Every structure is written in structure tokens, then in C-alpha cells.
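In what follows, structures are represented as C-alpha cells.
Paired with subunit B in one complex and with subunit C in the other, subunit A is shared by the two complexes that follow.
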Partner chain A sequence: MGGAGLLPIIALLPFLGALVPGVMIRAGRNAAATFTAIPTFLALLMLLTLAPGVMDGQVLQKSFSWFPPLGLSASFMLDGLGLMFAVMILGVGLLITLYARFYLSNEDPAGVFFTYLLLFQGAMLGIVLSNNILMLLVFWELTSLASFLLIGYWRHLPEGRQGARMALTVTGGGGLAMIGGMLILGDIAGSYELTDILQAGEAIKASPLYLPALILILLGAFTKSAQFPFHFWLPHAMAAPTPVSAYLHSATMVKAGIFLMARLWPVLAGTDPWFYIVATTGLITMVLGALIALFKDDLKALLAFSTVSHLGLLTMLLGFGTEAAAVAAVFHVLNHLTFKAALFMTAGIVDHSTHTRDIKRLGGLLTLMPITAAIGIIAALSMAGIPLFNGFLSKELMLEEASHTSWWESPWIVPVLATFGALLSVAYSFRFIVHTFLGKPRDESIDHPHDPPFGMWLPPALLCVIVVAVGLFPAAIAGPIVDMAASAVTGTEIHTHFALWHGITPALIMSGIAIFGGLILLALHAPLDRAWLATPRPEAKRLFDGAMAASVRGTRVIAEGLHSGAISRALAVFVVTTVASGLIAFFGRGLPEVSRPLLPIPPVAAAGWLLMVAATLSVILLHRRRFLALVVISICGLMVSIGFVYLSAPDLALTQITVETVTILLLLLALHYLPKTTPADSSVALRIRDGVIGVSAGVGVGALAYAFMRRDVPSISDYFLENAYSGGGGHNVVNVILVDFRGYDTFGEIIVLGIAGVIIFALMEVLLRGRAGRRLRNWAFSEDRSRDRHPLMMVVGTRVMLPIALLVGVYILLRGHNNPGGGFVAGLVFSIALLMQYMASGFAWTMDRQRWEYHSLIGWGVIIAGLTGAAAWIFGRPFLTSAYGYIDWPWIEEFEWATAMAFDVGVFLAVLGAVMLMLYSLSRMARYAGETVNLEPMDYDPSQKSVQTERAPQERGVPTEGEEL
Partner chain B sequence: MEIVVASSVGVLTAGGVYLILRLRAFPVILGIAMLSYAVNVFLFSTGGLAVDAAPILGDHGEGGPYTDPLPQALVLTAIVISFGMTAVLVMIALGAYLDVGDDHINMGAALPEGETDGPEGRNSHSPNPLEDDAPVRFNP
Partner chain C sequence: MIEYALWFAFAAFGIGLVFTLWRVVRGPHSADRILALDTMVINAIGLLVVYGISIDRQVYFEAAMLIAMVGFVSTVAYCRFILRGDIIE
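For the complex of A and B:
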């Protein structure tokens, strides 16, 4: 089916379009609005080309496999219900764009607004077009985020910020619950595709998990669609600019919950729990929302609670679970969209020209703003359910359904409450008309209200045309759309017969009662209002803020109880917990049989062990004398390296011994600026406690290591041994694993190392500019320093050794693929060779001769490794597939090449760059601490004995940035 | 030999844990270095010990037996990464010392029982995010 291919494009268009207004933030409102309208219009156009097929009953589908193991796919579906909602979203989106162009003032950042708007539009379209419920969840959360951004659009208003936060908390929380529900649903149905789930209705209703799934999904739907008791966020969301209120918070986003209930109607509806939860919630919300709306003085608050009430009505209709009620719900979605969006826009226009939305200050606008008044009155009459307007028709259908629905064996509760809701609706609708547009202007301070520019009243006027047209000719205009959408909801063929006159029916009588009762209520509004204001009632915002503050307090108690800022204590708790859980695991399952014999202990190993244990104990006893401890701890490192040699791990031995060297150098450099001794500040009891913790951890880990070594564990290592030569072209399996089999890991690791280097550099930059830098400049070394800091013998010796050391490094790099060695070790050997120059000849001398920045070495290393891996793509292989071969190099020998070598060069460069950057950064501190610059190769030049190369301490200056680098 | 390796791991772990529970930055760094030795040897030993069986294949990929190469590859990168981590830690410790003037690792308010020294007043919190806004006038 060719048309289905358009679906992903339609869903993507708003997201792509969202990029445009955002980047042309300076171009002004016209440009931003135009570029918002273009993608919307294109998407609408594409959708309309698909409409004829869908109206014939086709269901378009397009699916891309995304992450099959999770059941997640990018799959789109368009049926009648989706089409109706999508057209609503895009159509109202166009009108809102036009309206917002005139609504926003010159100071508002229009680009940001329209970007958010398109973001929302894309997310909402995604919900109605998704065929995969997991993808639907993603879009669902995106609408919450977009709504958060739009409510808080006027960032300077605290109402906006708080309203945005509340909306996100409530709808986001509901969304979380819904994720759980959807996962259960998909699990029962065995698929996350909506089309499959819709087929599995019987299995789902029969499942014992039906009720939990239902409740979780309804939590998501109810919070989104502002159902009692989650309705309170919607009025606070009215702090948003009015186009947002009209678009998100009455026409589309709040209908997402309704959409979802309609979408899943065939699967979930028709059971007792569904009826009692959904219909009851809807009924309560409808009556409560209407009651509060009647006593709101803020135009937008009135409309917000009326929206809550109408959403309740829709929920109740879906909750009835009958096909006729579902038809009524679909029809009312359409009608509510038209009149409510028009009403919100009217409220925005009134606000715009009178600078107030307070009904008690307004009045008599009919003569001052005739166009606006006409629009507002038509839309409000429809909201009241007066004949000849579309609201009347769907309200009649609702009352008709309510009249024969019995609740808990009582046939009159639902009809009476529904009539009461309709009565309240009439009352607040007429209050909107009478108190705003009729009568006399009540507040003289309101300055010459006037009708807005054409572009601002056109969108609501167009909506009013639909209100009247549907109201007069329902069967011709709305009939086919409702048939199409209702058929999709119920899964059966639906043919509606809308008519203005059905004869005297119960619904008509209820409607009559509602209209007359409503008018009487309005006449009594003043005394009722006083009574309402005098009655104490719970205020949602205060309760919400209280709950939030309580949860923040609770979190803080837990967080501060667990982490008090004492790292030592946290570490102790961590170690003890780990040891304890290890013990539990040990006694829980027991161990498999011992399967490996013990190896003999040669005397050398015993001697090495003794040395290491002695060194460890000495470090513990001597750790207060830091320099000594540092020297002794290196014995442990050396013994570990020797152990690696003995136990068949030459690569590890090479790496360990080179790393050992640079680590000790690093610590020596650091110790230069730290106190040379540790004061004894823990009590004996504390030391004993730590000793016990340490010994228990040591015994545990030692026992674990022993248990491991005595048993054969199944592993994937044989694969590497068998394929290292045939697959990776190398003899050194460890190196082949690093650069070939697990090359991706290594790639990540060199990046991590590079980042560590850059972090150290950056930290040092920050430190040297701040308090630490000032402290360093006034540094007074506590100990005497050698007069001859760069001894001649050492300078000469290291310089002679430099080329030899570099040659060794290159040799180790090249042989790595077949013999012990490789990029890691070579990088470290190079670093040591260069560090020797720093130590012997001085920082400045060495820097002067350095050709490459260490940062760029890291960068090049990562780039070379990455490019080597990416080159495999050219040959159609996965990332980092290596190739190898042999070249016969005349007179020398057969020479092997492998692309993994290039990768290893990348590793080499990155390691070299990172290690050097780290130590170089530390050495730079010395310059700040007033070390003299030593530009001559040697401090001590025997040929010029009289020249004082080292300046006297009082002359030494702070190096400038340029000199230093 | 297994006993030698296992006891070495145990001794290094015990020493490392004791040192990281000290209250100053430098012993903690030494402790972490010691723990790195222990962890690396431990990981290496999970492949089982073998003498004269380095995983360097013979001429055409035959020969053997060879020891398990996988833990070796893991430990090789772990050694290098633990150096990087130690370096960052050293830098942070150094920065804290130079900036504040002492090298305590704990925040002042909550030293373990029996401890009295340490700088004061560093245990501050950011204000409650709910308190930063003015009261709302628009109430439903």
C-alpha cells in the first residue's frame, strides 16, 4: 500500500519543522509562524490524501524493525480514530499558529514558542499514529514534556513555573503508571503492536492481570485527561499563553487520555471494573468540574473547569461501554474541540484588549467588540447545549445514554447527576455570555476595548462556522467522520443517523430541565457566589505543595541519613555490606566440586610473597610518613609484575611495571605539594574497627579468589584461542582480543583514558586561576632543595637513553600483535622516556622542544583507532572487523600486516597523550610555585661558572600565561 | 601456588581497605592503588593459574596448552584505566588541599564518633526548589 509510507513522514514532519523556528529566533513572529505553518500544512495535506482510503475502512500500516528483542518497533497505523484525531491536531494547529502570531507580543521569543508548539504537535501526532504501544509511551511522555515547556513559556511568571511543574509531576507520574500497564497488556497479548492487542480482547479480559493493567493504564489516562482526583493540574496549566491553553489544554493533549481509552475500548471496555471505575470517575469529574466552573471569576479558569467537566463527560460515555455511548463520545470530542478552542481564543482576545480576564470587572463588550462577542456567544451557546449548535446534539446523545444507564441497581443516579451536570453547564455558559458581553461595562478603568486584528479573530470564527454548520446539518457534515471514527473505536460497522428532532424523548425533557434550571441558577448567582466563597473547601494547590514539600523532606531525611558527608563512614558501610552479602551468598548455595589441582610453590614465589606481605604491612604501619610509604608500596607493584611473569602473563607484567613507574612518578609529583606526613587523627578504637573491617574484607576476597582458582569455570576463552590466528592474524591472543575481538571495548577505554587526561588538564586550569593558584604563588617550600637540580650526569644519561627508549617503544608496538607488547605498553614506555627528560633537563627545556600538543595526540589516537574500525564499513563488514595478510619484504623477512596494527597505533597515541597530559598538568604547578625557568639545557653550565642561572628567590616572578606555555 | 596468590590478594585487599578508611586524602590514594593491585590480580586469577603457558600461539596457531587469555586482556586495560583513575583522584585531592588548606576527606558536620577536628560549615544544602517561587495568586 503506497499511502502507508507517508505515515512516518507525517509523524516526523513537525519534529523536523521544530528545528526551523528555533534557529531563526531573531527573524520575528511572521517568519516563525510561517515556518510553523508550512510543516503543519504539508502534514495535513499528506494526511488528507490518505483520508479517502481510510474512510472506506482501510487500516494503513507501516513498520520498521527497531529493537526486536524488546518488541519495540517504529510502527505506524492509521485508521478512522487516528485520522480524526490527526486532522484535529493539525487543523487546530494551523489555526493556533495564526492566532498565536497575533497573540504573542513583540518581546516574546516567538521562535522558542513555535518550536515548542511543533514539538508538541509531533508528539501528539505520534500518539495517534503509533501502532506500537511502547513507541506510543515515548510520544506520550514527550507530550508531557512539551506541555511543561509551553506552560512555563513565560519564565518570569511564578504561576507559569509552578503550573508547569505541577502538570509535569501529575501527568508524568501517570505516564509512569501507564508504562507498567502497557507492559502488562503487551505481555498478556504476546505483542506490543496495537493491531495484535486489539485482536486479543478476550484473552486480556480473561487474564488475572486484567485489573492491574486496567488500573495502571487508567491512571495514565486519567491524569492526562484531568479526571478527578487528578483534575487540579489543568486549571494551573492555564498560566500558559492562551494559544497553548486552547491547543493543548482543551483541544488536543488533554484528549490523549480519551483517545487512549477509545483506542483500547474494544480490549478493556465492557467489564464491571471498567464501568465502575471509568463511568463513575467521569460522572464525578463532570459534575464537580461544572460546579467549580460556575464560581470562577477568571475567564480562563472558568473555561478550564468547564474543560475538566467535558472531559469527565467523555470519560463517562466511554465508561458506559455501549456502542451508542462510544459514538456519542466520538461526536462530542469533535464538538468540544470546536466550541472550546473558539472560547479559549475569545478569552485570549478579551484579555488582550481589556487587560483583564476577571468576569466581575468585565461586561457590555457586545457593543465594544461585536465580532469577538458574536464568536464568544455562538461558542458558549454550543457549550450550553442549545439547539441549532453542535453541542446540543452530542449532549442529547449523552443524556439519552445516561437515561437508561443504571448504577449499582439504581436507575436514577446517573440520569439525575448527568442532568445536574448539564444544568450547571448551561449556568456557567450563560454566565460567560451574560457577564462578559451583555449589560453595561462595569469597570470604567478599562480603556477602549476593541476588536482585534483580522488574523486573531479569524481562527475562532472559522471554528464557529463549523459549530453552526454541524449544528444545522449534523448528518451531512459530521456523520461520515463520526461513522469512520466510531467504527474504528468499536471495531464494528457503525452508521449514525443524526437528526435535530427525535420527537419528545427522555433526553429532550432532561435537556429542557437543564436549560431552565441553568437559567434560574444564573439568576441566583450573586447570593450563591457569596455562599460558595464562605464555604471552606480543600484547595488542591495547597495540598499538592504540601505533599511535594513532605516528599522533599522525606527524601532529604533518607539521603542525609545515608550519606552524611563522611566518606570514611560510607566506605566502611559499603565494605561491610559487601562482605556480608558475600557471606550470605557463600552459605546460600554452596560451592561446586574442586576440579583443579594445586600448583607447586617454588621458593622464588615464596620469597616474592614474603616481600609483598612485608611491604603491605610496612605501608600500613608507615603510612603517616608519606614519602617512605610511597617507596615501599612500589614493592607491591613490582612483586605483582613478577607474579604476572611467572604465571604466564607477559603482557600484564609489561603493563604493570610501566604503569607502576608512571604512577609512582605521579604520586611523587603530587606529594611535592601535599603535607609530607599524616597526623594521627583517628582513635585507637577507630583503627581497630578499620583493621577488623579490612581483615574481614581481605579474608573474604582471598577465599573467593582461592575458590575461583580451584575450579574450572566455563568460559568463552577457547573461542579466542582457536580464532586468534585464523581470524585476527596474530599469535599474541591477548593483543588480538584487545585490538580485534573486543576492539570496541578498547576503543571505549582509550576514550575514557583520554577524557581522564583532559579532566586533569581542565581541573588544573581552574585551580591555577583560583584560590589554589594564589596559594601556590606564595608557596614556601618547607624542605631544602638541591642546588643542582639538573645534575649533569643525569641530563646526559637521559638524553643518550632517549632514542634507545623510543626505539624500544616502537619495537614493542610493532611486535605486539604476535609477541608480548602492544599499544598500551608502547605508549607507557614512550611516556617514561619523555618524563625522564622532564625530570633531568627541566620542564621548560623539554616543553621548548615539544612539537605536538598532548591534547591533539589523544585526539589523533582516538581518530586513528576509530577510522581503522570504520574502514571495515567500506568493505561491508561490521565496525572494527580486521584484515591481515603477509608481505614478502626482500632480504629481510616475511612481514605481516594487519589493520589491527593501525588500531594499535591509535591506542598507543591516545595512551601516550593521556599519560603525558596528566603528568604535564601536575608539573605545571611547579611553575606557579615559583620554580625558576630553566631555558638552558642544563642549569649548571661549567663553561660559564660566573653566570648565575638561577635567579635569587626574591627576584622570581610569577610566570605569565604565554611564558608558561 | 594458588594459596600464595589468594593470600596475596587477601593481604592487599585488607591493606587497601584499611587505608581507604583513613581520614586524609593521601593514605586513601595509597589504599586505592593497593586495592587496584588486589582487584587486578583477582581478575587475572579467575582464569586459573598456569605456568609456562603464555597465550602466545605457535607458528600456525597450533600448540598449547595455553592459559586463559580473556582475563589477561581485561586486566591489561584495567591496569591502564586504574592509573587514569588514580591520576584524577590525585588531582582532585591536590585541588581540594590547595583550595581549602587541609586534606580531610570527610565533610565537617559528620566525622565518625571520637573525631573532633575538621573544618566547619561546609555541610550546606541548596535551597528547597519549592521555596524559590513567590506565592501564586491564581488559585482555582
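For the complex of A and C:
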């Protein structure tokens, strides 16, 4: 199994390469195209070194564990089918790169284009090389995204943007359905590895969930491969630059659905639902696509519907469920790729030199552009299924299979419709040839069409060489490849015997009918076209736009109903939902018997409770007078803190006490510049409604707590109590939970806290520079304010307090692992100690002594916590696994060290930085309002006569004195 | 003997809390409320210390100390708000 290690490198190369063209966007088309070709070529080269082994029947596998609990692993697999598709993707990728170099104009941002192209290439390679279906889904969605970017590449064109959106909606929606299907499939098989799933075919077909899984997966495949009724997005995707149409929307991406159906063919195919869903969809798509293609005047639209039709053909063949049909499908994938990519490139060349793709204006290009015409005619003859070209061979195989397939006990339906499809295909192919290249030029305004430069016609010409070579020597050239891929699809050894002449078979007769019928149809094209135009047809785009608009309206009704922008509405919805789900749960299962006695109520606890209730009611009565409400809220905070102490939760108590203080400071800072009273803007009825909701929620929570406290309920507390010391090395279970068991949560929380701090700072910056800032500058301070801003007693008092408070903070931080405390409380204690200085000695004085930026404190906190967590990786343990041990310090004491300590320091710094940054930001308003700052800590210093004040120097944008506003 | 002392202390601090509550809610002036709140904090500290003595656990003293250390900060902030409007300047 040598060489399997190359698989992830092959899959990654395009992604790595994608970085280059986008970065060197100014280097021009040549450089961008070269650096697109290099990774593609390297990947192709590596793939070809693996090819001999795979052709001998090896299956290469390489797997990395990614997220085992989900069954997600980065595993790659290369077998015959994957190899064929991978070579197609990379080979055509190279040709398209060359073609696009000449197709794009100098004004187009070529670097962006090639970056998108490589992104797509990597995603597509990922699909065909994935061995894990979850990873396959990721790549699947990536192809949808890359296709969206490429279709919308010319973002100034509305068709491009709309087409891109439609393609993303349809294929992305299908992808969502497929996720569901794949999850069911993996669940039945017991593994998400493709190699395991392919072994579990019997179990999957026997499962009752087979049909839902099948339908969901097929939704994904059908939307991607543009099967009826989801085919409508593909023609609209033709707004993309032609290289994209040739690459994504004919050769590779739209084949992803076909690939998936082929990949899962052994486990899903062969049942009645499979046959009736897949074969019927394919048949309808084939005939309908061909019919519409015949009446399209735009070259690319004609080719797009022809692609839809051929994808239908492939789907139908896979749907038949026989091995011979699967072989035909694999062969046709190869043939369709060659002639259709060549045709798209031809269409692009014609568009380039004549500036139109309208067949009704074209004609007689054979003499004007002989090379292009030769390429186009060869490819179109192959598309029509004319002998000596490769399209003929696979079409024969298709007709052969169709001739002995009966549908709902009728042996005629499938052969007749298949022949009709082939007939239409002949008709539109010859229309492409005759109306574009033969005859006389129809529109004189097109001046001097000419053949393109060598680099532009070389890629389609190479494809045409393959078309003819396979057409002439199918067994020698295509035989081994088809054997290899078809063996991988069917899971059995396949040996094909392609030949040009099989004798007079039903297929040959059907082919003959198709060719003659097609030519007759073409002769009648003009009258038929008028009839077609006169018939009313459903317009897919209008239907799609209507459906989109309706769903937007629907979601808007829901969203705006729930979230009108008023916080009371949002809270009401949330609370009512919560209470309702609680009630449902309560009535659903009922409650076990009461098993704990009521404890006696000590009188002091009753007093505390009374205080709490009284304070709460007072807040409700006083809440319009905001300052009073704030004072009364303090009572609640105090009582909650004492309650935590009383109920043996000292950690919570310490946190509550400090949080309470900081909160009050924050609110007071903000309140100064807010109205001091709340206007009554809700009606009485609304207030009653809100009251009922609030009371029911409160009663609900109270009842829940009461119910749980009266019963012995199994909880996870025991686990934490048992493992806190052995697992986290700490005696304080709360702290061990914070820094170890739920360390991820804490890490996330400090990041969120830091982000909140920075956002408050940023918002304030914007506000102060905008209209709010201008209003602030006209702020009228009241006249009866105290003159002593920084009383001597407070300055002295807080200075004495500072070292004590800091010491307490350090103590709480250090001992947090084993006793109440920790980084969070310590951070708050530190911030309160610093805030005291701000309040007492003034902003400027304190800022002068402030060495570290609060922003960087936050950053360092998060970095330290993150590095501590990541350090566990060095020892091969998961993120944030903590370690601990003991150091014996002679003559003093034995010390415990724990990595959780460093994590706690990170928490401490982040909390300190965030809190200080918030308060600092809010306090800036005063200086913007024109308030002065003092240089000395005290306003009335007994040792000095006068007081010096000046404006804060660091507030930019504040007008200095005498300056006009 | 200590038990009676503790019960007396509990009763005294408890009643003190309820009285201060009355002052906080009724006012009449902001200064009254702030002062009452500060007194309430001191009563709470007392209550915690007494409770810690009664069940013989030291951890409650720490909570009491922390309240003592940071409790006055909010009182100062309220006063500054009344006197100057802006608490950090």
C-alpha cells in the first residue's frame, strides 16, 4: 500500500496553491495562471505515480483521527472510480487554466479567478478522495460555495449574482438534505467510513430507514447534478465566465451527484425504489433537457440544457441498477467530459471573437474560423452520437441497456423515450453545427471573426484528439480505464469489450432512427421553433424568485413577530417559551414522591428573605426613579451574597460581593449621562401582560427549586466531588470545575468578556466622535455641585487600602485552587482596588501611574490561558488537561503546583483588563463633556495654596479652549 | 453562655437589617438611603461574623472581610454621584 501517504497531500495541494494567485493579484494573468497550473500539475503527477497500483485493483487508504466521538476522521481513499474522477478533475483543470489565461481580459482580476478555481478544484478532489462521508459532506458544501463565487465572478453583472444565488440555494439546500441522508446511512452501517459502508450493503437495504436515507441522499445528488425538477439552476449558472461553465458546470461539479450515486451504487442500487426514483428522474431529465436545448438560441444555454440531458442519461443508467448499465455510465462520464468541455470552450471562443452567442445571428463561421469550426464540429458530432466518435459508443451502450429495460411492466416506455432523447440530441447537435458554422454569415454587423491564439484553441483541440482516439480505438484507450472504474463502482471484476461494430443490434436500429429523425427535426426547426415560442411554459426563474420572496416574507413575519426590536417583546417570547416547556415537562412525567423533610426556618434567614422580597417589591415600585432603584437593588445584591454564604457557597459569595460593587460603579457611570427617570411608555394592559409573564416565570423557577430540594435527585455533583482532587489536583471543587472540568467554557467566557470590553471601548470611540459626542460637548453641568472633587480623606484612605486590597487579591488568586477564590474573584478585587484610586485621586493622576494598557491585559490573559491549555498537547493530552505536583521547599512548607494556576492567572488578567477597559471607556464621557482633570491628587491640599487643573491630554478630538466648535 | 450572646447578636443585627431596610425604601432624602444602605452592609458583616462563630467556620470571616473591604466603595460611588454626578473624574 505504498504511496497512500500522498493522498492527503494531493487533496491539500490545490488549497495551498489557492493562496498564491489571490496574493499576487497584481502580477498579471500569466503569473496567476502559471501558479495555478503548478499545484495542479504536481497533484496530477503524484496521482499518476499511484495509478499503476490502483489499476491493478489496489485500494489506497490513509486515515488521520480528527474527532473520534463524532466518527469524523480525515481519511482518504483512492480506488478506480476515485482515480478516474481525480485525473479528470486535474487534467481538465490544467486545460481550463490555459484556456482561462486567454479567455479572461486584462481588466478581470485574474488572481481572484484562479484562487476560486483552485478552491473548487481542491474541494472537488476532496469529494472523490474522501473515505469518510462526513468529510465528503464538508467538501461537497465547499464545491457549492466555490461554484457560487465563480458564477458570481463578474459581480457587476446582475445575471451573475442572481445565478450564483440560485445555484447556491438549490445545491446548498440539496446538500443539507444529503447531510441528513448520510447521517442515517452512517448510523445504519455503524461507521462513517466509506469502506465500511460499502461492506454493509445488505444491512442498509434491509433497514426500515433505507427509503428516507435514499431520498435524502438523492436530493443532494439530484440538485447537484441538475436533475429534473432541480435542473433550472444550471442554465442560470451559465452567467459565469465560460471556463467555469466548461469546468464546473459540465465536466466536474455537476458530475459530483453522478459520482456519489456511482460511489454508493453497491449499497443503494438494485432495489425497486432506487430504480423508480433514479431511472425515472434520469429519463425525464434526459428527454426534457434535450427538448429545451433544441429551442435555445444562446450557444451556452443550448449546451447547458444538453448537459442537463446528458446528466439525466447518466442518472438513468445508474438507476437501471445493472452492471452493464453502470459500465455504460462510467464510459459516458468520460466521453461527455471530453466533448462537452470542448464544446463549451468552442462556444467561448465564438463569443470572444464575434461578441455574440446568439445562434440566430451566427452562421458561416467555417470559412472564417476554420480551426474553431473543426473542433466544434468534431465535438458536436460526438455529442450527436455519430459513429467514429466516442459519444457514439456510450450512446450505443445506453440504447442497448434501454432496449431491454421494462418500466412498470411496459417494455416500450424506456426504449421509446430513450430513442426520442437520442433523436433530440442529434437534432440540437446538428443545429449547433449547421446554424453556427455552416451556411452564410447572417449578421453583417459582426466584423472579422478570426481564430483565437494558439493557447486558447489548444485545450479543446486536445480534448478532440481524445474524442476521436477513443472513438476509433475504444478497447485500447478507454477499455482499461473503464474496467478499473466500473470494477470499483460495482464491486466486481469487470472486463469490457468495446467495439465499433456489434452487428445489427436493436441499439443500432434505435441509433439509426435517432439520427434520421434528428435530421428531419432539424429541417423542420423553423416552424417548430415558432410553435415552441407560442406555447406557454413555466418560467423557472420567476417561480424560483417567487418562492424566494415568499420564504423571505414568511421568515420576516416570524422573525419580526418574535424580535420586534423591543426588549420587552423579546424577553416575553423567551420567558413564555421557557415556562411553557417547563410546564410540558412537568405534566409529561410528573414528579417522584417527596423524600426530604422541610427544614426549620431560622428567624435570621426569615429576616433576610423578608429584606429580599421587600427590596424586590420596592424596585418594582421605584423603578422609574432610576437612582433610587439602583440603591434598592444593592440590597438584593447584598442579600444574595449573604444567602450564598449561608447556603455554603463561599466561592459564589465572594464573586457576588465583588461583581455587585463593580456593577454599581458601571451603572452609576452610565446613569450620569442618561435621563434620571424612566418614562411610562407601556399601556396598562401591556404592563399587566408583562406582570403576569414575569410572575409566572418567577413562580415557576421557585416551584422548580422547591420541588428539587424536597427530593433526592441523582445529580452529577458526586462525580465532581470524587474527581476534583484526583483529576484536577484541587480541593476547591468549584475552582477545579472552572479551570479543569469545564475549562473550555471558562476559556470561552474570558474571550467573550474580553470581546465585550473591547466592543464597549470601540462603541464609545465611535459615539464620542459622532453626534453624541457633539451633544456631550454642549453638556450643561449643574451649578450646585460639590466643589471638592477629590477629598483629602478619601485620597488618603484609598491609598492605605490599595496595598491591602491587592494583597487580598493575590491571596485569593493563589489559594483559589484549594480554597474559595480564584482568578475571577481576584481580577474583580484588583479592579475594585484600582477603581478606588480613580474615584479618589482622579482620572489623570491614576492614568499617569498606569503602566499597562487594558487592551493588552485582556490579550495577555487570553494568550496565557490558551497557551496553558495548549501545553497539554506537548504531552499528548487533550487541550486543557491539567497537571499538578508538589515541590518541597526546605524549612518552609510543601507547595503544590498545578498548571491550572497558570490558567487562573490568564483568567485573572482577562477579567481585570475587561472590567477596567469597560469602566475606563464609560468614564471618558466626562472628559468629552468638557470636564477638566486635575494634576494633583487632591483638590484642596493643605500643603499648597491653589489647585491646578487642565484638560485631559489623551482625549483626542476634544476642542481645546478658544477653538471654534 | 456564648450561645445566648450569639442569639442576642443575631436578633440585634436582624432587627437592624429590617430597620435599615425601612430607611432605604422610605428615604426621605438620597443621603438617608445611602447611609442606611451603608449601615445595612455593616449589619450584614456583623451577621456573617456571628454566624461564622456560631457554626465554627472561618471561611465566613473572609466573606465578611471582603464585604468590609469593597462594600464602602459603592457607598462612596453613590455619594459621588449625588455630589458631583460623575464618579470618576
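Rule of thumb we're sticking to: the second predicted complex is superposed on the first by the 701 of 965 C-alpha atoms of A that agree within 3 Å, B and C clash if a C-alpha of one lies under 4 Å from a C-alpha of the other, contacts with A are read in each partner's own complex, and residues count from 1 in each chain.
Methods note: a contact is a pair of C-beta atoms (placed from the backbone, for glycine too) under 8 Å apart; a residue touches a chain by one contact, two chains touch by 3 or more.
Everything numeric in this text was worked out from a predicted model, so none of it was measured.
By the touch criterion stated above, A:L98 is placed in contact with neither subunit B nor subunit C. Judged by the touch definition given at the top, the superposed model places A:M253 against neither subunit B nor subunit C. In the overlay built on the shared chain, the residue A:A914 is in contact with subunit B alone; subunit C does not reach it. In the superposed pair of complexes, A:R742 makes contact with subunit B only, with no contact to subunit C. In the superposition on chain A, contact of A:P650 is made with both subunit B and subunit C.
After overlaying the two complexes on the shared chain, residue contacts for A:I642 are found with subunit C alone; subunit B is out of touch.
When the shared chain is aligned, subunit B and subunit C each come close enough to touch A:L671. In the superposition on chain A, A:I377 contacts neither subunit B nor subunit C.
Legend: residue contacts after superposition of the two complexes on their common chain; A:L835 is shown touching subunit C, with no touch to subunit B. Touched by subunit B in one complex and by subunit C in the other are residues 630, 646, 650, 671, 819-820 of subunit A.
Within the complex, the subunit C residues that touch subunit A are 10-11, 13-15, 17-18, 21, 24-25, 27, 30, 33-34, 37, 40-41, 44, 47-48, 51, 59-60, 62-63, 65-67, 69-71, 73-74, 76-78, 80-81, 83-89.
Put simply, subunit A touches subunit C in their complex at residues 603-604, 607-608, 610-611, 614-615, 618, 622, 627-628, 630-632, 634-635, 638, 641-642, 645-646, 650, 653-654, 657-658, 660-661, 664-665, 668-669, 671-672, 781-782, 785-786, 789, 794, 801, 804-805, 808, 819-820, 829, 832, 835-836, 838-840, 842-843, 919, 923, 926, 931, 933. Subunit B contributes residues 1-27, 29-30, 33-34, 37-38, 40-42, 44-58, 60-61, 64, 66-70, 72-73, 75-77, 79-88, 90-95, 97-99, 101, 103, 105-112, 114-115, 117, 122-123, 125, 128-130, 133-140 to its touches with subunit A in the complex.
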